[in-house]
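Questions regarding the structure given below will be posed in turn.
Labels A, B and C are assigned to the chains in the order they are written; within every chain, residues are numbered from 1.
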Amino acid sequence: MSQAIRFRPQVELAEKVGVDLKKVRHPHYGRYLEEFVPGQVFVHPRGFTFLRAQMEAFSRTYMQCNPLYLNDQYARASGFSGLLASPQMVFNVVLSLGVQNDSEKAMANLGYYDAQFLRPVQAMDTIRSLTKVIDRKERGAGKPGIVTIRTLGINQNDQVVLQYERKIMVAGQGDRPPTTPLPTSADGLMPSFPWVDDADVILPDFPERLPAGLTGPNSWFEDFAVGEVIVHANGRTITDEHLPLTYAVGNTHPLHFDRVFSSGLSGKMSGDPIVYGGLVFAWLEGLASRDVSENSIWELGFTEGYHTQPSIAGDTVAALSRVLAAEEAPGALARQFGVVSLQLIGVKNISAANALAKYGEDLFIKENDKKEMGKEKIEEKIFEIERRLLIRKRS
Amino acid sequence: MSQAIRFRPQVELAEKVGVDLKKVRHPHYGRYLEEFVPGQVFVHPRGFTFLRAQMEAFSRTYMQCNPLYLNDQYARASGFSGLLASPQMVFNVVLSLGVQNDSEKAMANLGYYDAQFLRPVQAMDTIRSLTKVIDRKERGAGKPGIVTIRTLGINQNDQVVLQYERKIMVAGQGDRPPTTPLPTSADGLMPSFPWVDDADVILPDFPERLPAGLTGPNSWFEDFAVGEVIVHANGRTITDEHLPLTYAVGNTHPLHFDRVFSSGLSGKMSGDPIVYGGLVFAWLEGLASRDVSENSIWELGFTEGYHTQPSIAGDTVAALSRVLAAEEAPGALARQFGVVSLQLIGVKNISAANALAKYGEDLFIKENDKKEMGKEKIEEKIFEIERRLLIRKRS
Amino acid sequence: MSQAIRFRPQVELAEKVGVDLKKVRHPHYGRYLEEFVPGQVFVHPRGFTFLRAQMEAFSRTYMQCNPLYLNDQYARASGFSGLLASPQMVFNVVLSLGVQNDSEKAMANLGYYDAQFLRPVQAMDTIRSLTKVIDRKERGAGKPGIVTIRTLGINQNDQVVLQYERKIMVAGQGDRPPTTPLPTSADGLMPSFPWVDDADVILPDFPERLPAGLTGPNSWFEDFAVGEVIVHANGRTITDEHLPLTYAVGNTHPLHFDRVFSSGLSGKMSGDPIVYGGLVFAWLEGLASRDVSENSIWELGFTEGYHTQPSIAGDTVAALSRVLAAEEAPGALARQFGVVSLQLIGVKNISAANALAKYGEDLFIKENDKKEMGKEKIEEKIFEIERRLLIRKRS
């Protein structure tokens, strides 16, 4: 099972080997606009083994309150085989693994669409990520274009755990050298890409009696009334922690951890490293969790997600939720659960209560729709998304 | 064991659902003075599964030197079934889980009393926390009152692992809306609260030969002489790390991680987020550990613990210990162990040696006793407590 | 297996025990120049149990891209019994455990030599560290001397996993009290020190088919041409995270986490805590990993490693690699692997590409050789080392 090998002793070599400045390689990852080819599939590098302590650390960092992600006993009593990776972590990891191919040269993340969590991720699951290029829209010479991609997270049993669509803004190559090409696949064929338009969600058979006593009093299915606004009391100041947290989920974009790079940019992104948007989403979801998802049994997915302003270390983020729908769950699930749709809004450097007092219903209008409505964008607003959860009934 | 469920595709809803600013909920946690009812028992939310890597991460963050918490082999050779959660972590977690009910509206933590660690906590133990309100002292209209509570940490086998008493200063409700009420218990009865006044400590049967060679030369039972002062050489600068560390142990008080909240306060607590006191205690204990507890086999408990000044990111904390007693352990334990009582003192932004040179024996007088004695409080002093440990004998 | 013990209730003692300022102990660790005795062996305290989540956290913090350290499945498919601790982590831990005896009083780390990784470290391995004093060079009264030491990392089966040599600069004791003496060994004999000059490396029997598809396209053995320079695109801004990261690997030197100590020094090291050099090395290696070691199967070792400038929080580090040799692996290994020698250079607060443009081949000359060559030292250059890796062949 093991072998003993004798290598030659290492001797100093540097001064004996001449430096040849004509032989310099500059490997660059990501892709310029022209390099995206619709139909192309990227198998992203490395993969990611989910470990129990790391799953819990993620949930704690982002202030998650649902015990499914914090309490192994509770997760088991809920029908899962142990502590669950939070869907937020799954989303963050699957997106981040793809950055090296999808967006390490992107200028902006434009939106998340139709994200669906299809299966639990648990300790020792190893997830890999694949992306298919759906569309490339050029907008004229010298202008960045828009690329639409779909991404899958796939576990070690080749089962899809997450799928979502994303639009990114990407500049053309200009006079820059091309990026490092993809590795070629072993068989020379394009890898398969098992996206399913009308996908089943694989859930455990939930026990008759779900665990009691460890969750809040006001976040059961019956507590959600359509139209209602829920103001989440606490905010979270983001610190420099976000630099290491970026690669903790596998994201390789230097905008988030390389100040020499970020301060060399021009425009809105210039200066301190920008917080990777997935982390901002995670904090907002966590801040909301005590009031809306402590009794959630499954995060179904989200869509129409937009980061409307960047955040940097020192910013304090806060969240509000609005109830968009509250419906019976399909089939037998309806005995124990309902489906709640929520709009999640993020603000920064203002408390959620003050943001609501200051901006009222305008907080809940998509920022991109405002110009047409003759309304101003809200500077303190950083995020908007719609999400759907399967939530326990009280009875 | 699992089921496949088809949910309706998620469609955008936000613009179709009107915002009703008359239906706004502001869930608030913690409790105002009037909301505490002596005799009431709170079952705190979420619980906390202790994971091995997280236990070790805690010990490393707070600079713990006792190998029981860092070296699985050493812990096994000492009679435990594997790496031990440090009592500091157990204390931090049990207190923090209770913040949502006990002190998320508290103005100050006044003191810790009679903390007793009754059983080991090891990897995969899930701990829940319960609090009983013992006393509520009002001090007149407009003045904050003092609430006395007792808290238990209980494992998945319903065994108490920790119990302690705490006093907190809480403001009245005034014209603020009430906080979110407790969830009602399933049976409508007050939960039981198994505090034991004269509790046994459950310890392993220690092996005849305890492990040798990995601990310091000067912290065996025989090294402690009553009256002696031990100056711990190294300090620790606290960074912004304390914001995420707060919820890493489950603490939900925004004073510790929400700068919009903390800078909106008036008085001494206004400004940057205050370091949660449990973390300060943990650092001080860790800084002392190399000199006093590397050969400790059990932390019995502590009492008369006071945070006499707050700390913020950027502060450097340092510690001194004073030997208060060194006694034989009870019964057969006396062959291998003695009981050492220590006073632990914390200072900030001065080295421990300089603090001793500057203030001498006044460092060891409780700050609250000084007024009566005609003495000034010490501005650099941040903490004082008495602790008791079971420490190995050299032979 | 367990025992129930009743201890006397803890009562307050502090005010009853007088403070005796004549009985003050100041335990100090590390060693002054005169305290090093060639031939002496130190068994370092505590040891370190490697945990899976902690191994992965290390790799992520330092931006490691080789899936051996991130993907349990990939590591198994490569012939290992599970996720591998990165050699960087093993090096950081073994060195750090020794700081308390070797260098907690050191003024500077002068160089690393002849480091050899002899065996995999995997989850639940417990590593202890031993040091032997090889040489002590005094350079006259009042001048710091140079101590040469060798250090071993040894696992729970008494197998050496790492050995290396190190030179440190240490001041004499002067009029300071001596440091805390070593614990005496149980048998009174000097502990054995199994350094092997011409050591075998113990590797698994690698499978015929190694895993495909998760590593980069340009870092296979065939991609390395002698003389070539590889510029690693991304840098990493180091934050205050480095304070806790220091003791996360076991390092107890206050220069790295105690601002009262670091700002009290005079000279170049005065001010903010200096980043522990092992961490800087780890970041540089991680930044290079995507381009040079993603297809490495084993890190053989390194030598002639020098930290040529210190780093502090806020510095952004970046890396370049130069190919010094590319040779067939010995014996049967040659079918699948080659041995690549690389020079790794670190710079700060300048991008790697700009550093190369600015300094050209001078970047690759050892800083200590420059005076003799009539060249200036490079202020932005922080590190230089030669490393050797076993790298997969493409075919």
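Quick note on the criterion: a residue touches a chain if its C-beta (ideal position, glycine included) is under 8 Å from a C-beta of that chain, and two chains touch if they have at least 3 such contacts.
Every value quoted in this text rests on a predicted model; they were computed, and no experiment measured them.
Asker: On Cα atoms, by how many degrees is subunit B rotated relative to subunit C, nearest 5?
Answerer: 120
Asker: Looking only at residue numbers at the subunit A/subunit C interface, is the share used by both copies over half or under half? Answer same or different.
Answerer: Homomeric contact, different residues on each side for the most part.
Asker: Counting only Cα atoms for the centres, state how far subunit A is from subunit C in Å.
Answerer: Centre-to-centre distance between subunit A and subunit C: 33 Å.
Asker: On subunit B, where are the residues touching two or more other chains?
Answerer: 51-54, 57, 240-241
Asker: Which positions of subunit A touch subunit B when the two form their complex?
Answerer: Answer in residue numbers: 51-54, 56-57, 60-61, 63, 65, 67, 70-74, 83, 114, 116, 198-205, 212-218, 225-237, 239-241, 290-291, 294, 300-304, 314, 316, 318, 322, 324-325, 330-331, 333, 339, 341, 343, 349-351, 353, 356, 360-361, 364-366, 369, 384, 386, 388.
Asker: Going by the contact rule set out above, which residues of subunit B touch subunit A in the complex?
Answerer: Per the stated touch rule, the residues are 1-15, 17-21, 23-29, 43, 45-49, 51-54, 57, 100, 124, 126, 128, 156, 180-186, 240-241, 243-244, 247-248, 250, 252, 254, 257-261, 264, 273.
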